[in-house]
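Sharing a structure here in structure tokens format.
Read from first to last, the chains carry the letters A, B and C; within each, the first residue is number 1.
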Amino acid sequence: MPDATGLELIAQGLREAEGESVVTDTLFFRERATLSVEPAHIRAVLAHLRARGYAFLASVHGVDYYPHEPRLGVCYELLDMANVERITVKVRVPSTAPELESVTPDAADGAGWPTANHQEREVYDMFGVVFRGHPDLRRILMPEDYEGHPQRRDFPIGGEPVIFTYNEHEALGSSE
Amino acid sequence: MSEYRRREQSITLAPFEQQLEDQLEAGGDEPTQELLTLNFGPHHPATHGVLRLLVTLQGEVVRDVKPIIGYVHTGIEKTAEDKSYWKVIPVIERMDYLAYYFNAMAYCSAVETLIDVEVPKRAQYLRVIHMELNRIVSHLVWLGTSALDLGAISMFWYCFREREKILDLFEMSSGQRMHTRYFQIGGVIEDIPRGFAEKLSGFLAEMPSRVDQYGDLLNSNEIVLQRLRGTCPLDAETLLSLGVTGPLLRAAGNPWDLRKAAPYSSYEDFDFKIPVGTQGDNYDRYACRLAEMYESVKIVQQALDGLPEGPHITEDRKVALPPRHELATSMEALIHHFKLVTEGMRVPPGEVYSPVESPRGELGCFVRSDGSSKPARVHMRDPSFVNLQATSPMVKGAYIADMIATLAMLDPILGGIDR
Amino acid sequence: MAAGGVGVEVKRELLVGPVTGTRPGAAAPGGSDLRVRSLNARQLLRGGDLEGPNPSVHLEGSDFERHVEESVMTTTLDKAVAWARSNSFFPATFGLACCAIEMMSIVAARVDVARFGFEAFRASPRQADLLILSGRVSIKMAPIVRRIYDQMLEPKWAISMGACCSSMGVFNNYALVPADKFMPIDVHVPGCPPRPEALMHGVLKLRKMVQDDPDMGWRERYDAQGTEEIVPGA
């Protein structure tokens, strides 16, 4: 992992390259480095980090920070195989406008990350974050016509009621 | 060279596009071949689990394949948010159902990092023993079912015979054959019983000769060579851009293995090699996994020989249950036990991503905790989920039979893909 | 039989009826053989030995009844068919998740399902009559399982293997459906995953159920009244 100074240097390099407001926060916790960036610049940030050696995108996943806004977060785990260093890039989008640029396709501003294809679809399916420019954005794990985004914190967990003797009559009566 | 081989070489086939053009020219305006989209699965004997593939065929040549998943989506990550940290372990184990110790290891190491608790050395060695045995089990089931797909049906019984021996060992140490709940946060739940070491040594003594037998049966088999050698290769750069890790990447020549690159849980104490392929075709994928079984046996032997004395779980009572004899004498132990069982452990807020090397690649676990006794988000970065994206580039332009062989060599586990 | 063919000797002999000593009717060559056999059978039924000292013992009344009970097995056709059906299940290959691995273990050598004759797992549901639902049934998969169950020909049985399809199992959440909600299940096998011996026990229990009660009420449970095939012209 890049140590704390390394993380600050990377953040510094990013700010110089992309602009002052791009990096909102750096966090060095338990030997792991996290960069929080503005959602609008995600492609540029990943391209910059790729140039620095973090060429492997290990994981793209979503987090729901309910009830804090901006609520939906997307984390990109990057790995530098040559130096065995990992860095996490985190963006947060509000649930009122859950849109983000997709990093999957190759676009005018640089090469894409094909590995993010299914993973962004999963974030869309489970959290409702719409990835602009994704080649094939549809539900991947739930049925195509499912309503709702299951892994949001305010989505009920669902399931069947466990039938004990005290509630067996209502439970069975309603389902029969 | 045999007569058969000589006869084969006299037939030359033009590449498919050329053949199609020739046919169009010969047949006039009507194209004699058209594209046919076929649905494979989700119930199909050749897929490893409920994987659905939409295959666009031109004759028998695959032009495009689209995997459709989600048929065994269990909402494991959502269920994990509802349970206390140590109760998540049985739920998360059932994700990648052939590599259950690895699921638990990834999760436990993430939570241990969050809590900042140290796992004792003996527990680390025991974890390595069980993980490498699980790697052998996973590769055995892969080998049995893949050979079944290719038609070498007897391999299935030989591989499952070895698997039964390893499951006996798991049953000895934890009481269950699969999904054993053996790894806990802070170590392992119980020390190994008397007789485990002897039985394990006996198994390790005979396992290399068994893997030799599998090699003898399949390595130079004409049919295996024809079906696997040279079929569906993919180079390492494309694999890296698709996020593929594990034996698939190693077969293509890139020796990336987290056990060597970023050792965790005392892997740096052991001396083992990483099998690497040269061409990246199906045969190399098969050979890599077969060679990994030898290496896993070596690791388990070293771990067993060097097993240190000590506690099998951390002594921190806020994280691990106290031993039962203490409950009768110590009030603090009783209180800790009560708190741990009813409420669970409290984990300081933070987010951690912790990867391990599972039999299929990089298995990572992301845990976000908000300070309470239940995790706020658990996400497993499953290797099969990401590796599945490599199916389409691999099989474009190959025959259906090659597609089946490639799927077998890809080793997808749908429980991990769908979670 | 041309010269140089298989060395089979053909002998022609007059067959003499054993008891009466009469020559059997020499009308049709095949018929005489049958007549001899039926005469022998009738004699055996009456309690006589063909070669022994008492060739012409005739049993009467209760002796005859007891002799028949001891030497002849009677059954209803239903029971005979049920015995045949229960000993020749053709399971469908239907593995969903972790339980599928343990289901593969019962085909393996330690718990060998071939001992009972069930090792012929058919890939096509049209050829199978036992559906072993092994693993968790998600909401995306449930209509497909139902479709496969519908494609199977009657009589058919279903075993719900493991906790996930019997009840919700370890995961009581939005994504799973217990199998009882959309198809009739005959045997539930608990476990997570059930040991291969446990699954074998479940299969054998089903076998016993089918042997004892050929009907098993699957028409009522499946609500399949009126789905019998109408043969045209009948």
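A few points about this structure:
Assume contacts are C-beta pairs under 8 Å (C-beta built on N, C-alpha and C of every residue); 3 or more make two chains touch, one makes a residue touch a chain.
The model shown is predicted, which means the values in this text are computed figures rather than measured ones.
Counting C-beta pairs in contact, the pair that comes out ahead of the other among A-B and A-C is A-B. Chain centres computed from CA atoms place A at the largest separation from subunit C.
Averaged Cα coordinates give subunit B a centre that lies 40 Å from the centre of subunit C. If you average the Cα atoms of subunit A and of subunit B, the two centres end up 24 Å apart.
Chain centres here are Cα means. That of subunit A falls 55 Å from that of subunit C. Shared contact sites, meaning residues of subunit A that touch two or more other chains, fall at 142-143, 150, 155, 157-158. Contact with two or more other chains is made by residues 70, 73, 75, 78-79, 418 of subunit B. Contact of a single residue of subunit C with at least two other chains is seen at positions 140, 171-176. Only residues 93-98, 100-102, 104-105, 107-110, 123, 125, 135-136, 138, 140-141, 144, 148, 164, 170-176, 192-193, 195 of subunit C touch subunit B when the two sit together in their complex.
Residues of subunit B that touch subunit C in their complex: 42-45, 49-50, 70-76, 78-79, 90-91, 94, 97-98, 141, 144-145, 156-157, 160-161, 163-164, 177-179, 414-415, 418. Subunit A contributes residues 29-30, 32, 34, 55-59, 61-64, 75, 77, 81, 84, 86, 88, 113-119, 122, 126, 139-143, 150-151, 153, 155, 157-158 to its touches with subunit B in the complex. Across the complex, subunit A meets subunit C through its residues 142-143, 146, 150, 155-160, 162, 175. Put simply, subunit C touches subunit A in their complex at residues 139-140, 167-168, 171-176, 178, 181.
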